[in-house]
Amino acid sequence: MAANHVIEHPTSTGLDNRKMAMWAFLASDCMFFGSLITVYLVSHGRAMVGPFPQEIFDIPFTSVSAFVLLMSSLSMVLALGGIQRGNVQRFRIWIATTAVLGCVFLGGQIYEFTEFHHAGLTLESSIFGSAFYVLTGFHGTHVFIGVIWLLSLLLASFKPGLVIREKSLNVEMAGLYWHFVDIVWIVIFTVVYLVEA
Amino acid sequence: MAAEHHVEEHHPGWQEYVRIGVILAVITAIEVAIVYVEALESVLLPLLLTLSVGKFVLVVMYFMHLKFDHKFFTWLFLSGLLLAVGVVLALMAMFGLMT
Amino acid sequence: MLRRVPRWIVAVLLIVVIGGLLTACGSAEDYPQTTLESAGPHNDSILGVYSLVWYGSIIVFFLVEGLLIFSVFKFRGEPKTAHGRPVPVHGNNRLEIIWTVIPAIILAIIAVPTLQVISELSEAPGDDAMVINVIGHQFFWEFQYPDLGVNTTNELHIPVGQRIDLRLDSADVIHSFWVPQLAGKTDAIPGRDNRMWFEADAPGTYLGQCAEFCGLAHYQMLMTVVAESQEDFDAWVAEELAPPPAEGDPEEGLAIVEAQCAACHAIEGTSAQGQVGPALTGFANQELIADVIENTPENLAAWLDDPQAIKPGTAMPDLPLSEADIINLVTYLETLNGESE
Amino acid sequence: MATQVRYVEDSTRIQEPEAGPSGLWSWLTTVDHKRIGVLYLVTALTFFAIGGIEALLLRVQLSQPNNAFVSAATYNQLFTMHGTTMIFLAVMPLSGAFFNLLTPLMIGARDVAFPRLNAFSYWVLLFGAILINFGWIYGGAPDAGWFAYANLTSPAYSPGMGVDYWVLGIQVLGISSVAASFNFFTTIVNMRAPGMSMMRLPVFIWMTLITQILIFMAFPALTVGATLLMFDRWFDTNFFIVEAGGMPLLWQHLFWVFGHPEVYILILPAMGIVSEVLQTFSRKPLFGYTAIVFAGIGIAVLGFSVWVHHMFTTGLGPVPNSIFAISTMLIALPTGVKIFNWIGTMWGGALWLSTAMLFSIGFVAMFIIGGLSGVMHASPPVDSQHQDTYFVVAHFHYVLFGGSIMGLFSGVYYWWPKFTGKLLHEGLGKVHFWLMLIGFNVTFFPMHWLGAIGMPRRIYSYGDGLNWEFWNMVTTMGSFIIGISFIFFIANVFITLVLGDRAPDDPWDAPTLEWATTSPPALHNFDTIPVVKSRMPLWTDKYPEVYGHESEPGEHGDPDLPDIQTDEVHDEIHLPNPSYWPLVLAIGIVMLFAGFIFTFVMSFIGLALMFISIWGWALEPAFGEADHA
C-alpha cells in the first residue's frame, strides 16, 4: 500500500485505517491458528503407526529455531525504530537482519521436515504427520510471506520517497504481522514440542 | 478527528527493546531447561504454559506496542484471542483431552 | 372496517388452524413414522418435553403474533397529533425488563425438564438389557445379536418389554439410527462407539430410516423394527439359527431382495427400484456375474457370500447373509429371465 | 391509495445525477462503493433466481411418492447447490450489496476505508461463485450437502469432482467475505461523519458492524476445516480418514464453529434493515435503540457458544448437550428483546404500509415462528426427534427466508429509489409481497408437520405408505407461488427502470443520512460532509418542534467526540482512482485454487499473477494526483 501520497484522511477515532484493519486481521488469524492448533491437539495422539512425537522431536534444535525467530522480532522493532527516527540506513540493516533470521528459521524448518521425512513421518503416514505438517507448514507459509514482505520493504527503501519517516506505518504494519507470526510460534513451540518432550 | 494524534507516539528506546529481547531469550532457555529436569515433571505443563504466556504477553505489549497504543486495539485483539482459546479448550474438553 | 381486516390474518390463521387440527389427529396408524406417538419409554420421556415446548410455542405464537397484528391495524394511517408526527417515544426501561424476564422464566420452565430428560436418557440401560450391535452401511442396516449369534439386515426383531441396549457403529460414513415411535435419533459414526437404548411397550411394527445424509441411496436406507412377544421372538431366533434348507425357496429369496437389495438394484415387477447397482430384471440370462465370472449357481453363491473376493473394489457390499439366505437368493435370482410376473 | 407515493415537502427536489464514467472497462476497474454495491446486487439476485430454480426442481421431485423426475444423483447435487447458493451466493452477497450501497452514505463518508479491497472482494466473490458452480458444466456439481460432512466427503466415498468444487469454491468465497469484513469494520469504526458517535449510528450500521466481526472471527474455522478436507483429497492426509485415526466429528465441530455464527451473519443485516424500515414508516423513532444494539451484540457473543446444538445427536454425552442447550436457549432472550422493541416501535406510531413496510412486518411475523421452532429444538430430547427432518427445514426457512429474504427485500424496496433514481411500483410490489408471504407459508408451514410425522430431509424419494404425499404436494404448489411472486418483482424492476417515476431525494420522509443526498447519489456522495447531531439527523432538521431536543450535543454522544462545527470540515474531495489490480488479483487467487482441480500449472500462473498484482496495487497511487494538489 505504499503509495506516492501522504494524505492522511482524518478518522473518527484518530486511529489509522490500515492499522485498524491489521488488528482485525490478527484477531481473525488468532481463530485460524486456534483452529489449527485444536486440530493438532485432538488428532496427533490418535496416530496408529510411528514415528510418534517423542521419538522424533529434537528439542535442542527446535529451541534454536524458536530463539532465532524470537530474536527476529527484536530486530524488527529496531528496524521500525530506525525508520521512525528517519534513519534509513539503520532501518535497512535491521530489516535485512530480520529477513535473514526469518530465512534461517525457514531453513531450520526445511531441515527438520527433511529429517522427519527420512524418519518415516510424512503427510500421509499417520494422523500425527498430517496434523504436524499442516500446522507447522501453515506457520512456515506465514513466515515465508513475511520474509517476502520484509524484502519488498528493503527493496522499496532504495526508491526515494517510499520508505520514509512519514510513512513509517508501512513498516509498522509489516512489523505487526511479523510479531504475530512470532507469537504463534511461541505457542506452537510450547504446546507441540515442549509439552510432548 | 478532534482527538487526532492525541495518542502519544511513545515508543520505548532501543535499550528497552534489547532488554525485552534478553528477557525473552532467558525465558526460552528456562523453558528448554526445565523440560530436562525430572523433578519438575508433575508441574511441567502449568510451568511451561505460564512461561510461554509470559513471552506472548511481552511480545504483544512491547514489540507490537499494545501497551502504548489505543485500548481499542487491545480489545480487538483480545476478543479474537479469547475466542480462539475458548474454542481450543471447549474442543479439547469434548474430545476427552482434559480428563 | 371488517372487510379490510382479514387478508393476512386469515392467511396465517388458516394455516395455523389446519396445522393444529392435523397435529391433534396424527395417529400412528395413519402415520407409521410419526414422532408424535410413543411406543415405548424412551419416546415417552421425549414427548414429555416435546409437548411442553409444542404447546408453549403455540401459546406464545398467538400472543406475540396477535400483538403484532393488533398494533399494525391499530396504528396504521396518518398521525393524529397536532404537530403531524406520532409522539416520539425512545423506550421504556420497565418494559424492557419485563420482556426480558418473562421469556427468561419461560425458558427456565423448559430447561428444567430438558435437563432431567437428558440425564434420564443417558443412563446406561442396565445389565439385563439385550445388547444389539447396529452397524450402518451404505445403504443398509446390519443388526447383530452377539448373545444369540444372529445377524439380520434392515429388520430388527425385539421382544416386547425388553430394554434394548444399542451399540451404534458404521462401516463407512456417518448414518443416523432413527425409529421415531420408539426413540429419538442417534448417529452411527465410524470410529466412535455411540450407545442408546429403547424398549417397545406393545407388539407391532415400527418404521424407521437413516436420518443423516449418507450418499446416493440414502433415501432407501429403511428399516423395520418388529416388536413381538417373548415366545414369538424366541421362535424367530430359532428359525434364524436353523440349518440351511437343501432347496431354496424363491419366495423367501424375493423377500430378501426386497428388503436388502432394493436400495441399489431394480427388478421389474417388484418393489426393488434402486438405481445404484445394475438392474437385475433379466439376471438369469446374463452370461457373467459382475462382468467377471460365469453366471452359475455356485459362482452366484460365492459372489453373494463375499463380493470383494471375486471382484476387489466392487461397489457391491458384503451383506451379512446367512447360508439359508444365500440359497434362497440364488434360487430366486435364477428365476429372473426377464419376464415380469 | 395503495400505490400512491407521498412526496414530502422539501424533498421533492429532483436533480439530474452527474454522469459517471461508463462502459465495460469502467465497471471492471470501478472502486466506487455504489457501483460495487450494484454489482453485488445483480449477482446476488441472479444467484437467488438460480437457487430458486434448484429449489423448484427439488419440490417437483418430492411432490409425489416414488417420483423420478430427476435422478437421485442430480437430486443430491440440486439440494447441495441450493443450500450453498442461497447462503453464500444469494443472502450473503445481497447483504453485501447493502453494506456497499449504504455504509458510507449512512455514516456520512465519501467511500469505504479501502475502495480497492472492496472491488477485490466483489471479484473474488464472482469468480468463486462461478468456480463452485462449474461442476454443472464439467465433472459434476457438489453432492454431499451444504455442510459437506466428513467422511462422506473423503475421496473413498465421494470420488467425483463435485466435492472438489465445493471445498475450493467455499475457500475462495471465504476470502471474499473476510476481505470485505475488514473493510467495513474499519469503515464503520473510522469513517463516521463528525458527530456520528457510535450510539448515533443507524441500527443497520450497528448490525453491519457486528456482522463483520462475526465474519472475520467465524470464517477462519471454516477455512481450516476446508483446508484439512482439501489436504485429505489431494495430499492423502488422514484428518477424516477413520482407518488412520481421523475423526469425522472434528469436521462437524469446525464447520459449526463457523456455521452457527454464519446464521447470524445471514440474519443480522436483515434485522438492521427492518429496524430502519419500521422506524421510517412508523414515523416514530426506534423503540429501545440501546436495547436493540446490545441485543445484537449479545446475539453475536452467544452465537459463538452454541454450535454443538447442531450436533445433539452425535452422542457427545449429557454434559455438553446440557451446557449447549442452555446457551442456545439464552439466545432467545436478546432475540425476543428485538422483536418486542420492533412492536414497540410501531406502537403509537402512524404506520405507512408501503411495500417496504409490509416486507418488514412480514419479517417480524415470520421470524417469530422461526424463533419459536428454534427454541423447541434447543432442547436436545426434542431435537433428537427434529434433527435432520423437515421440521428443521421448516425452521431454518422461517429464519432465513421468512426472515433474511423478507428483510432484504424490504431493503430493496426501501432503498431502490436512492440508488436507481426510480421508484418501484407500489402496486406490483404489494402483489409481490402478498404472493410471497402466502406462497412462503403454504410451502414451509406444512413442513413442520411433515417433519413431525417422520419425513427426513435430503431424501430423494419416499414410499406411499407413510402419508407424506398430500402435504408434499401442497408444499410444492406453495413453492411455485413463491416463484411467481419473484416474477412480479423482476417485472417491477424492468418496467419501472424504463417507465417509472423519477424518485425524489427523500421519498419516504426518512430520518437517516443517505436520504440527505441526491437520488442516485453523486459520485462523491455528499457535497459537504454532514455534521451529525442526533440519531435521526433528517428528522431533527425537519421537525425541530418534535425532535428538537434530540440534537442537544452530547446527549447521546460519545464524550470523546464533541460536535464539530461545519467550518472545520474542508471539502477537498479525494476520490479513489479506478484500478484493475483488484480484478487481476482476484483472477490470480481463483486460478491458484482452480489449479487444484485442473492442473497445477494453473496454480503457478495464479501465484505469479497474485505476486505481480500485489506489487502493482502497492505501488499505484490510491488517490488521484489532481485531488490533493
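So that you can tell them apart, the chains are marked A, B, C and D in the order they are listed, and the count of residues begins at 1 in each.
To be clear about the criterion, a residue touches a chain if its C-beta (ideal position, glycine included) is under 8 Å from a C-beta of that chain, and two chains touch if they have at least 3 such contacts.
Remember, predicted model here, so these are calculated numbers, not experimental data.
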Going by the touch criterion at the top, tell me which pair is linked by more C-beta contacts: C-D or A-D. C-D
Most distant chain from chain A, judged by the mean position of its C-alpha atoms: C
Please indicate the chain closest to the centre of the assembly, with centres calculated from CA atoms only. D
Report, in whole Å, the distance between the mean C-alpha point of chain A and the mean C-alpha point of chain D. 34
Based only on mean CA positions, could you tell me how far chain B sits from chain C in angstrom? 50
Which residues belonging to chain A are in contact with no fewer than two other chains? 11-13, 15, 20, 24, 27-29, 31, 34-35, 42
Contacts with two or more other chains, residues of chain D listed in rising order: 189, 217, 221, 245-247, 250, 257, 561
Graph of touching chains, which shape: line, ring, star, complete, other? other
Which pairs of chains touch each other in this structure? A-B, A-D, B-D, C-D
Going by the contact rule set out above, which residues of chain D touch chain C in the complex? 66, 71-73, 76, 144-145, 149, 151-152, 157, 242, 245-249, 282-285, 287-291, 313-315, 317-318, 321-322, 325-326, 329-330, 332-333, 336-337, 339-341, 343-344, 346-351, 353, 361, 364-365, 368-369, 372-373, 375-376, 378-389, 434, 437-438, 441-442, 445-446, 448-449, 451-463, 465-467, 543, 545-547, 550
Applying the document's contact rule, which stretches of chain B touch chain A when the two form their complex? 1, 3-7, 9, 11, 13-14, 17-18, 20-21, 24-25, 28, 31-32, 35, 44-45, 48-49, 51-52, 55-56, 59-60, 62-64, 70, 72-73, 76-77, 79-81, 83-85, 87-88, 91-92, 95, 97
Would you pull the chain A residues touching chain D in the complex into a rising list? 1-5, 7, 9, 11-13, 15, 17, 20-21, 24-25, 27-29, 31-32, 34-36, 39, 42-43, 46-48, 123-124, 126-127, 129-131, 133-134, 138, 152
Which stretch or stretches of chain A touch chain B in the complex? 10-15, 19-20, 23-24, 26-31, 33-35, 37-38, 41-42, 45, 59-60, 63, 66-67, 70-71, 73-74, 76-78, 81, 84, 175-176, 179-180, 182-183, 186-187, 189-190, 194-195, 197
In the complex, chain D touches chain A at residues 113-114, 178, 181-183, 185-186, 189-192, 196, 216-221, 223-225, 227-228, 231, 235-239, 241, 244-247, 250, 254, 257, 561, 574, 615, 617-623, 628
